[in-house]
Amino acid sequence: MQGSGIEVLFLGSNFARLLEGLWVTMRISILAVVMSVPLGILFGLFMTLQNPIAKAVSRVYLEFIRIMPQLVLLFIAYFGVTRAFGWNWDAEFSAVLVFTLWGTAEMGDLVRGALKSIPQHQYDSAQALGMSRMQTFGYIIIPQTLRRLLPPTINLTTRMIKTTSLVVLIGITEVLKVGKQIIDVNRFRYPTASLWVYGAVFILYFLACWPVSVLAKYLEKRWR
Amino acid sequence: MKYLDWNFITKYAPLYAEAAKLTVFIAFWGILLAFAVGVICSAALYYKVPVLRRIIQAYIELSRNTPLLVQLFFLYFGLPNIGIVWSGETCAIIGIAFLGGSYMTETLRSGLESIDKIQEESAASLGLNKWLTMKEIIFPQAMAISVPGICANVIFLIKETSVVSGIALADLMYVAKDLIGLYYKTDESLTMLVIAYLIILLPVSIIATLLERRMRHAGFGN
Amino acid sequence: MAQQNHNMLEVSGLKKRFGDDIVLDGVDLTVSRGEVVVILGSSGCGKSTLLRCINGLESVDEGSIRIDGEEVAVGSRSLTRLRQKIGMVFQSYDLFPHKNILDNITLAPVKVQKRSKQEARAQAEQLLRRVGLWEKRKAYPRELSGGQKQRVAIVRALCLNPEIMLFDEVTAALDPEMVREVLDVMLELAQGGMTMLIVTHEMQFARAVADRIVFLDEGKVLENLPAEEFFENPRTQRAKDFLQTFEFKKQ
């Protein structure tokens, strides 16, 4: 069985374990997206408020989250907050929290952008047709905003999946970690294991993100 | 802030400075290469070069739909098995270039495509050949339009370099994690980490905002 | 000159299709040196396509186009050289927005014709004076009105010293009050002996400037007459109907 070494992927439960590892990061991303979308919509509306304090607060939050590498945020949540407040968060909880905070900021900015991109004459002509403020929002503004929002929201999901790969660096056992374990166990029998295992992880991530990107692109084209 | 251990901070700040240099080094060369990749690939896409175009599209999909950390693991741990041994720095720079190349390509391509066809035609009617038309007319305008997008890519890529600690490079993240592990000076280590990234990223972000504002006001619009 | 016996422009049997649409269906047209020919016809009759074919911007399906005896062939090496004999002005303002007026004008003379910067500049400034825009030489296109931009576009084409000028509905996108200043420049050019092929919807201008009118309908040349004769006494019903649409009479 000393071929290319690709067999190592299918040895025992190796492949299933890799998939389980991938599921760990997927689970974190899905949880974070599910929470970011409603929170982000609220945050986006909050950002359109004319109140100067609301503006300043949301601005600082958005800019800080945006300018810091996600890994730094992850470190702050995992190492910093745990110690400072004596809360013993486990790594996965920290990860979901950080990615939700990040997702909320990104989503909020998307919502604000989408609301701002509806031209004034849409409001004007709705009112000229005798619609009330509620009707203007309900029939004209919100449907258009949603259309503009859906593709970038889907894109946010792929970004989320890609970014959650970082959690290995705060010690969560996900697909890269599982891969490393497989490589370590088979180091002598399959010296080329790292090529195949990391190659497989690469392709698994691609298979997880690519269909979602294609969907986003399709919707963007259709709804433009 | 008085509970921070200032002795610790002054003692280890040089370590952060050293690490920041590595972060900037990797980001600089990676982004430069990424930009070169972007110029070449976007031109190939713009001119619809037959086979190359498909290859570039495949590259873009592959690069945009996989995490940098996984790309780096493959480069650093996987490739030596087939005789390709690169140092951590080289892998990091290639990784940033591989990832950033696709982002730059997309930004520049949409810039190129936003230039009205009439520009190309009037250049042709003045007798400019394809090369001159690209160099004098299309590319300068596309670049100007792409400035905000390029800036966003630059910031994104600098941030992405934070994952190179995953392949054992002693960058800012690595140093912070090390200090936390060794001395349990978590607050100090993290504060210095945040400050280091702010020192690198804030100027870039401010320049980006200024450029974007200037672009919007100066706009070429006929 | 040996080439003097050629017509400036000779189009024969020109056919052009876009998919199943036949846009030009066997067009024959000659323009001799110093002649001003205006092409008329309702929109979609193929006028603009004809001009674009002449400048090699569109390939030709059948027939031939000769400028000064030399064939216009899309993709050939001679095309860029040939194009320097043809000046073209488009309907939409096609100035290069990132270059100022002087650079717009001198780009091709310097880069394509390899003329010296000073000499190209001198000619550009002299031409700008002629169209009354010398003060704007350092301005950028966005600072100019539509009419001014079109005058610059004409100067830019002229600065290559072309032997024939093509005008593709150059006033169609202008505000009415700016049409005149552009037409005046063209009229002056015609009086100066320039060979011109003009597509326009300005009937009075056509009558004033043209030596000959070519009336195009559904890709065919229906009339090819001296200007006065066309306006006074068109031969075909289509041309009569066409001219009628420009008249407003109380019923």
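Each chain gets a letter, A, B and C, in the order it is written, and its residues are counted from 1.
The definition used in the following text is that a contact is a pair of C-beta atoms (placed from the backbone, for glycine too) under 8 Å apart; a residue touches a chain by one contact, two chains touch by 3 or more.
If you're wondering where the values come from, they're calculated on a predicted model, not measured in any experiment.
If you sketch which chains touch which, the chains link end to end in a single open path, with no loop closing it.
With respect to chain A, maximal separation of chain centres occurs for C (centres as means of Cα atoms). The geometric centre of chain B is 47 Å away from that of chain C, both derived from CA atoms. With centres taken as mean Cα positions, chain C sits 56 Å from chain A. A straight line joining the Cα centres of chain A and chain B is 20 Å long. Against chain C, the residues of chain B that register as touching in their complex are 116, 118-119, 121-129, 132, 136-137, 140-141, 144, 219-222. If you check the complex, the residues on chain C that touch chain B are 55-57, 80-81, 83-84, 86-88, 90, 92-98, 107-108, 111-113, 141-142, 149, 153, 156-157, 160. Every residue of chain B that touches chain A in the complex is listed here, in rising order: 61-62, 64-71, 73-74, 77-82, 155, 159-163, 165-166, 173, 176-177, 180, 184, 186-187, 189-190, 193-194, 197-198, 201-202, 205.
Residues 5, 67-72, 75-76, 79-80, 83-84, 158, 162-163, 165-166, 168-169, 176, 179, 183, 191-192, 194-199, 201-202, 205-206, 209-210, 213 of chain A touch chain B in their complex.
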